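Questions regarding the structure given below will be posed in turn.
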Amino acid sequence: MNQQTKIALQQLARGFNDPQLDAQRVFRQLLQAMARPGQIVPIDRLPEAPEPLCGGAAALALTLFDLDTPIWLDEALCATASDYLAFHTGAPVTAEIGDAAFVLVADGRQLPDLGKVALGDAEYPERAATIIVQVEGLRIDAGHRLRGPGILGHVDITVDGLAPEFWSALQANRRRFPLGFDAMLVAGDMVLGLPRTVVVDKTEA
Amino acid sequence: MYVSVKGGERAITAAHTLLAEERRGDPAVPELSLAQIEQQMSLGVARVMSEGALYDPELAALAIKQARGDMVEAIFLLRAYRTTLPRLATSLPIDTGQMAVRRRISATFKDIPGGQVLGPTFDYTHRLLDFDLAEVKEPAADLSNSGAVEPEPARPMPSVAKILGSEGLLEPEIPGDETAPVADLTREPLSFPAERDARLQALARGDEGFLLSLGYSTQRGYGRNHPFAGEIRLGEVAVEIQPDELPFPIEIGEIEITECQMVNSFKGSKTKPAQFTRGYGLTFGHGERKAMSMALVDRALRCRELDEEPSSPAQDEEFVLYHCDNLEASGFVQHLKLPHYVDFQSELVMVREMRAQQAALKEAAE
Amino acid sequence: MSYNFAYLDEQTKRMLRRTILKAVAIPGYQVPFGAREMPMPHGWGTGGIQVTAAIIGADDTLKVIDQGADDTTNAVSIRQFFAKTAGVATTTRTEDATIIQTRHRIPEKPLKEGQILVYQVPIPEPLRWLEPRETETRKMHALSEYGAMHVRLYEDIATHGRIATAYDYPVQVNGRYIMRPSPIPKFDNPKMDMNPALQLFGAGREKRIYAVPPYTKVKSLDFDDYPFEVQTWEHSCALCGSEDSFLDEIITSDQGDRMFVCSDSDYCQDRQTAGRREAAE
């Protein structure tokens, strides 16, 4: 290994303390988030991660990404997190957002064109992308009303730091069911799951 | 007074002990060694390696010993073990043209460059039980006067396919995109329509008996492929890997394989001159019957790319590929031994109700 | 030889975990996955085992049942497998389990939020008996073309005067995908609807995983004039007196004497204990 690589490795943020056990624990938290949309789930195994990648999003990435999942990173993450993700996950980075299994966005106010992400196809709807968006805050509060599988009745949530076009994109997404992307919103160490089954009722902004 | 049946755990432990005793058989009889199985049951070892999808004669011998000679059970042991092995590298495709040939025949020509080399074969034996073999001789200490046949020096052996191909008589192997990833059935499920790489993998791992019968059916009118054995060769080939850091490949070992190239009915049209078509079979170790069966079924399954109407079972891609894995077949057939009494009870309840209803209707009518 | 936690390597677990998340996002749809050879034969629960192995952790408590009972040989074998490879706590009590792996029954005791029920599935495709080809059934699901299924059920009514399916009774999930619940008796179907627990389905040999999230509509197929009905018994359980549970029929003599006993051994045991306590008071 040459000197440059040695230095670069030393500067790389560490991943999970215990990759096997931590990934299992984080996965169960993600499963809870996707099976019960509207529940804001704490991620309690947070790896070190290079800013602006937050601990929760890094935990998610280290749990789910690998050689078989092409990923798309926004500009900020491309510049700061490529080495980290390459080292810890081996996931190939693609410039084509439509080819990505996972789309990672550092700032919910600056979303890429969600119309371009993989939506699956009629015979294989699972081939759609999962979009991971970092936001400022998640809380149960009047904001957007969610209904659907996993939700008993309805749940109201408020998200800070998310561009409003995300919600119209989600509504359009629902109309395409069973096609459509699945999303996870991450605020620090909290995650909210928004599978494509979620129905977002119109709300007063 | 009925007490619900307990003791499942004890029953399982006892069953395992009994199994170990039965496997060993009469303790007064010498125990089988792995070397004996590897050396003297090499064709069984070859089958277990091929369908177990793992080249390791010693492990295959162990599997056969543990499975008490039940080959499908041995194949299962090897496959399950294989799953636990990490993947370190991907080799280059083996070059069977460079094979150190022990046996090589062709039915398409009387003689070919390199010649017809009979090698070790049952083919021309008379199937008479040889009672001399009932005697166990002591292992030979000194082999210098054994009278074994000296191997002939290696001669160049171009494949028959190349010879026919150079005249344009045989379709070239469809080159495809060499940079595209090869299907990997150990990591992804089959999806349909299946491409030839996935089909050949499934057939290579597939049950010899199933493919034998399907191949046989294509010779009897269930499909018309007019096969000729273009070439069957048995011998050792080098396995090479090419790490990123090196500009050349390095050999990491040698394996013995059997390769069969079938030459099948020609295809042509007004615009395209007629050419013979191909079928391909490959096994680990010495496995001619399997390699030939595989080549017949491979050709039958190529109906789609050769514009032939699929009309026979061997041409039915889903039928062949979904049912050729003997692990899946054996598991599902034998799972009928598991308790199914809840479902049976559900049906009993329903059948009794239906019969009672019919009886009541009949009574009312009378 | 030492194995990875829960036997599977990390890459396989990641693949399974991604598959499970997609299955949860598309309720009732069968997601193909690269099933691995396990040390048990296909047909003996390898799908359920792979799902459990992907989700289980050191904090879980595992219950394994077959035909409703914890002590049937295959349930014992699977429970031992996880005790050995994952070191997890195991239990026979439904309410103490965080993960319940089951073959052919849903426990009688209602499940709670946070619990996960993992079903072992032999044939995942509900349209398989109508159409053997995967290429065709995939299209039918894509286009919601379920007419053939309704025709088949109506043919039953014409022949037998009723829908003659007693187990593995097809359902529609979230108003979209038609799904096989696995060979549970139709008696258990109503438990799937709006269940607080997460339901995961694993078919190892057929290489499919599917899911029903908690609080999701699951409707057994029927017709307005022939509504879905569950089985009933004239008897109650000979051991605990239950009149609401699925009963096994036990032949007790050569003359065909029989008795009926709860299939769910944990449920029956609890009732027997409570009954004895009551009698003592």
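We call the chains A, B and C, going by the order they appear; numbering starts again at 1 in every chain.
The rule is short, and it goes like this: a residue touches a chain if its C-beta (ideal position, glycine included) is under 8 Å from a C-beta of that chain, and two chains touch if they have at least 3 such contacts.
Given the structure is predicted, the values throughout are model-derived calculations rather than measurements.
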item	value
Labels of chains that are neighbours to chain A and to chain B	C
Centroid-based (C-alpha) most distant chain relative to chain B	A
Core chain by centroid distance, with centroids computed from Cα atoms only	C
Euclidean distance of C-alpha centroids - chain A vs chain B, Å	44
Rounded Å distance, chain A centre to chain C centre (Cα mean)	31
Interchain centroid distance [CA atoms averaged], chain B/chain C, Å	35
Contacts with 2+ other chains: residues of chain B	none
Shared interface positions of chain C, touching two or more other chains	15, 32
Residues on chain C engaged by chain A in the complex (per definition of touch)	4-5, 10-11, 13-15, 17-27, 29, 31-32, 54-58, 113, 138-139, 141-143, 174, 176-177, 198, 211-217
Chain B-facing residues of chain C, complex	1, 3, 9, 15, 32-39, 41-44, 46, 66-69, 71-77, 80, 103-105, 122, 132-135, 160-162, 164, 166-168, 183-187, 205, 207, 231, 233, 238-239, 246-250, 252, 259, 261, 263, 265, 268
Residues of chain B that touch chain C when the two form their complex	2, 4-9, 11-12, 76, 79-80, 82-84, 86, 186-193, 318-319, 322, 327-328, 330-335, 338-343, 345-350, 354, 357
Chain C partner contacts - residues on chain A that touch it in the complex	19-21, 23-25, 27-28, 30-31, 34-36, 63-64, 66-69, 101, 122-126, 128, 130, 149-152, 177-178, 182, 195-197
